[in-house]
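In what follows, structures are represented as structure tokens.
The same chain A turns up in both complexes below, where it pairs with chain B and then with chain C.
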Partner chain A sequence: MARFVVRRLLSMLVVLFAVSVLTFLIFNVIPGGDPALRMAGRQPDPAQLERIREDWGFDEPVYVQYLKTMGQLFSGELVSYSTQQNVVAEIGKRLGRTFSLAIGAAIMWMAFATALGLYTAIRAGRLSDRLLTILALVGISMPVFWVGALMNYYLGFKAGIFPNGDYVPLGEDPLEWLYHLILPWTALSLLFIGVYSRVLRSNVLDTLSEDYVRTARAKGLSERRVLVRHVLRNSMIPIVTLWGLDFGAVLGGGAILTEAVFDLQGVGQYVAESVDQLDVPPVLAVTMFGAFFIVLLNTVVDIVYAVLDPRIRLT
Partner chain B sequence: MGKLGRRGAVLLVALSVFDVAACGGGDDDGGGGARDTGGEIAIGSVGPDSADPVLIQSLQAVQPFQMVYTPLVTYAHQEGNAGTEIIPALAEEVPEPTNGGRTYTFRLREGLEYSDGSPVKASDFENTIKRLLKLGSPWSGFYTGIQGATEFTERGNFKADIAGIEANDRTGEIEVTLTEPNTQILFALAQPYAAPTPAAKSPARGLKQPPPGVGPYTLEVVDFNREWVLERNRRFRDIPGIPKGNFDRIKIAVSDNVTRMTQDVISGKLDFMTEDPAGDQLPEVRAQYPERLREAASPANVYYFFLNVTLPPFDKQEAREAVNYAIDSNALVRIFGGRLDPGCTMLPPSVTGYEEFDCKYGDPAAGPNLERARQLVEQSGYEGEEVTVWTNNKDPRPAIADYLRDVLGEIGFDADVKTLDQQVYIEQVGLRRTKAQTGFTNWYQDYPHPADFFEPTLSSEALESEVTFNQGFVSDSRIDKTLDELRGEDPEAVAERWGDLDEYVVNEKAFVVPYGYEESTSFFSERMDAENCAGIHPVWKNDWLLFCKKAS
Partner chain C sequence: MSSGPLLTVRDLGVSFTAEEGVVRAVDGVTFDLLPGEVLAVVGESGCGKSVMAMTLMGLTRFPNARFEGTAHYKGLELIDAGEEELRRIRGAEIAMIFQDPMSSLNPVMRVGEQIIEQIQAHEGVPATEARERVAQLLDRVGIPRARDRVDAYPFELSGGMRQRVMIALALSCGPSVLIADEPTTALDVTIQAQILHQIQSLRDETGAAVILVTHDLGVVAEIADRIAVMYAGRIVEQGTVNAIFYDPQHPYTWGLLGSITRVDRARPERLPAIAGLPPSLADRPEGCHFRPRCPHEFDRCRDVPPLVARIDGDDDHLDRCWLPVEEKRERREVRPGEIGLGRKPGAAAA
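Up next is the complex of A and B:
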């Protein structure tokens, strides 16, 4: 187990290094991506440009710029080119919002998808299965920015049943926090519920025809015990993999559209604004942050595998 | 040669098409009953782009910062053309230039103090100019015409002196000497980023919190990307012409979600928004809340297609004229969702020197002359020539380029479109090596001076910049000579000559294809008096010091 964790940590470093180099290079080679020109205004004076490049180190070789930027990132001194605000502090201020969105939505989509997937599998071929399948496909087909905007407009702005965007910190008022996040959670979860329930349904149907399920039934176990202990447990392995990747991505800023529609001002929204301004430091920091969570959650997922399937050993 | 006006930054300025008298200034109730003053209002905005007054670049920053940072001279707090007038602020009066038009001497009013209680010193002004130059402010180009400014920038030593600024803390006298006469300096000194701030609290590095100012409000960054707050400056002393403002507190709610911002203004959660309602919401806002919406081509701007005169086919005048004949401003008005005032001049109607000369290519409000355009293309010998129309991805610019492509195709060119990200667009088409033949461009005035519409966009000197706004790479001796002659003159006194220059550029040489002036919106909540107190200002777009609630 210890070796597994150490190996994973080392691979995490390699992934983070590769991600940081790629992100930095992309923003350095794209046409017109010279931050000095944007800082200098619309008719840059050559002497002024020179001064900006010198002061910010843009005249140094790319690898030196990269090393300096990474040094600033890890020392918490990285500053945005466009607003000159501290990037790490900005991410820190937005973390609570993104975590609230991601964790709540992840619980919601996992719970609903599991229930829906299992139910449609055991009711396979019946009318309820067909109806729920259609519903799942509708969920998959609706883009989050569209369904989010509709919810916000009709349930928030028009009907006033829910707040029209905004966010209240959990520590400030737990009920308001919940109230403000119901729509974002729902909007973000719909797609995942649709996908996960379809995958789970298919896995459960496959597992139901396995020999060990027949054996379990032959042993006289109750249908409920067969389903939960043998069928669902084995069918969950691919779902857990998916969940690890998706949850990591959402935590790392992947819920850009949901955050923007509901104006949650989370990490995703921050990176979206930064990309729009070709502001490398925040993009680099958030990309690293996202990559960290994806790798971390994959490690957690591998550990959960072993719990779900005792045949899997972590080495 | 002076450099003012050629190195601005984004945005600004212009004369409003509205001539509504200002209201709400100072203790004036603005007419129409007793105003409900005091209290708090909330303004939605995508937010100021910096907390440091010398580093702000956007109009969203200039609007609150001008309430905090009072310069030596300032723009009149009036709607319409009156708002372009330069009035004394910290200085006792607006100085007349001496020394052949090169020296301006200001004298500070007595007893001025910042919001932190410290006294205003003459040397604080020099400190501000030094910060503008040292920190690479986007506006620094406005001040490089001051004697010794370029040397200061090159040396990079913040403690060094700027030879052209003599500040006497004892007498409060500030003498600014330019390298050559240039009437644009007063317009540049009237901007909030040129306002003195206490030198002790304004070091040679970017600031995370706005420093104290002299203006009627103080500004605090509660959370850079979410909330800024303006509060009354209790130490503000009466300065003639500067209103005190009608609210005790103004909260700036920062968000990039313009759709929600619009909904919040509709519902009254916000009282005003610095942005235009999103394109799909604007028709609804126009239809349902007309009394809360104001539309005006302010700040002054011009939208035009550049034509690269160094490359085929636009190196031939016939080809350039052909495009002018073929453009249908009405089609472009539709693309702008009605927010375009059609026109064919480089100078917008509200700018000194604007003349409604007969467009050689026909009335811009009427249809195009495609037949004449086709003839001219044939005469140019460039029929069938490949032309790439450059544009960027900001709405509605792709549609504008598609329109030009279709028009060019109709008159005999083989046209295509190239679309870039809006962040890199200006840099790319402003580089000679990009070889952009034609494309979308616009110019928003930096300050209300006609030179600002020609020097950056059509002069030879603009071509010296690494990235030029003279995207047509026009180098014309008559334009350059005229600009040299008019630079030191009072624009009002030579307004006719500015008009002649405009006619020369468009009618005689067809260097550009102007098609109109964009109108921006001011949208208010129900409780605000949008009719009388919209504060539509030619320089700041909206002067929040003029905002007021409806009379109770």
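Up next is the complex of A and C:
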């Protein structure tokens, strides 16, 4: 176990290094990526440009710039090129919003997908299975910006059942927090519910034909117990992998479209705005932030794996 | 133990609707199972013997399955029993040992837990007590260091050990009927003998009746009291071990007996085998299903021969062959006493 954790920590460092270098280099080669030009405004005079370059260190070799930026990032001093605001503090402000969205949605899509996947597998081939299959495909096919906008317009703006955008922190008013997040959670979950329930359905169908499920029935267990203890547990193993990856991505600011549609002002929306400005520091910080969560959740997935299936050893 | 039969099966039929048509896996199966006896159900792969056995426990209730006939167990009709009634029978009254111990145990659950689960499904036993019982059961079926093995996962045990776990599982609620579906097929020969011995001695201890489904006549000779030979979904011959081994009536039984190889004989040029293949269960020949492969076929074989006693003075020896008994005795190539048991008991004085 200790060896496993050390190995994972080391691999996390490698991933973060690779991601940061790539991100930094991409912005260095993008046309129009020169931050000095952007900072100087329209028709800058050469002396002014030169001064900005000197002040921000843009005249130094790329690797020196990279090391400087990374140093600033880890000491919390990194500031945005376009707004001059502290990047780490900006991410901190948005963290609660993104986490609220990610955790709630991840619970929602896992719960619904599990129920739906199990139900459609048991009813495989019947009308209810077919209808729900179509529904799942519809869920998969609807882009989140479209379905989110529809929800916002019809349920929020027109019908007034749900608040139109906006966010209330959990600490302030838990009920309002929930109320304000229901639409974003739903919009974000639809795709995942569709995909996961399809994957789970086929896993359950495979597991149902396993010999040990027949044994479980021959033991005189109730059908419910057979399904939950013997079928579902073995069918969930591949789903957990998917869930870890997707949850990590959303935690790390991956739900950019959802955040933007509902104007949640989360980490994803922040990075989207920063990319628009070709503002390297926030992009770099959020990218690393996201990569961190993906590697972290992968590690969690491996641990959950070993718990679910004792044949898997952590090495 | 000489009360009536424990299990009475009459005209049991199982068919499945499949793409190739209706597959009649079990057709008109009739037999009684007496307390404490070992009934061997013998036949080639795909003759319907496993389906028959699983149907008794309601394990073949797939949406495309159709059932006929009856199976009475202690006043309960198993074939159309409700799920809850069946659930109470499964594991507690009728228990099953499956063919492949590698895949029949849940890979992610400790073996002890899997047995405790069955005990607790039928009896309100506290966990510690159930656990103690499991340790004793594992010990009884010959698992060394049984107490430690309660917490083992299946992948930590060998095939033979897993089959012992399956036997312990089957015995854990003291069933009256034990169905063993090819319990030794997946095991190597030395382990096979141990497992069979295990089943036999447990039968002796608990008085449970055993239905042993197998295609291995060596196994049958070793532990069975009575034999039912199945071919293409039907029982074609049924009788005591001695009757089947020494006076087989059905040409299919002759073929089965003739295809045993013996190490105490000169090796034959080719292993004897029954010519041809068993018919598809979706498209079986009319009349006697064995007809196309039978060297003794004649006109009457186009009618289905009923399963009845055809030998004077032996009402328990039934078969489905139209040939007159004398003619069978002349024609069969298996001579009395040649197969399996050595000398026929009681015939030694001659």
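Rule of thumb we're sticking to: the second predicted complex is superposed on the first by the 315 of 315 C-alpha atoms of A that agree within 3 Å, B and C clash if a C-alpha of one lies under 4 Å from a C-alpha of the other, contacts with A are read in each partner's own complex, and residues count from 1 in each chain.
Basically, a contact is a pair of C-beta atoms (placed from the backbone, for glycine too) under 8 Å apart; a residue touches a chain by one contact, two chains touch by 3 or more.
Please read these numbers as outputs of a predicted model, since none were measured by experiment.
Room for both chain B and chain C is found when the two structures are superposed via chain A, with no clash between them. In the superposition on chain A, the chain among chain B and chain C reaching more residues of chain A is B. In the superposed model, A:L308 makes contact with chain C only, not with chain B. For the combined arrangement built by superposing the two complexes, chain A sits at the apex of an angle of 160 degrees to chain B and chain C, based on C-alpha centres and given in steps of 10. In the superposition on chain A, contact is made by A:L221 with chain C only, not with chain B.
By the touch criterion defined above, A:D211 reaches chain C but does not reach chain B. In the superposition on chain A, A:H230 makes contact with chain C only, while chain B stays out of contact range.
No C-alpha atom of chain B lies closer than 50 Å to one of chain C in the superposed arrangement. Residues of chain A that lie in the contact sets of both chain B and chain C are absent, per the superposition on chain A.
Contact residues of chain A toward chain C in the complex are 125, 210-212, 214-223, 225, 229-230, 233-234, 308-311.
Chain C makes touch with chain A in their complex at residues 54, 57, 59, 63, 83, 87-92, 95-96, 98, 100, 103-109, 114, 117-118, 121-122, 153, 155, 166, 169.
Listed in rising order, the residues of chain B touching chain A in the complex are 3, 6-10, 49-50, 52, 55, 57, 133-134, 136-141, 144, 150, 153-154, 156, 206, 208, 223-226, 255-257, 259-260, 263-264, 267, 269, 420-421, 423-428, 456, 462, 464-469. By the touch rule above, chain A contacts chain B in their complex via residues 30-34, 37-49, 51-52, 54-55, 82-85, 90, 93, 149, 152-153, 157, 164-165, 260-261, 263, 265, 269-270, 273, 276-278.
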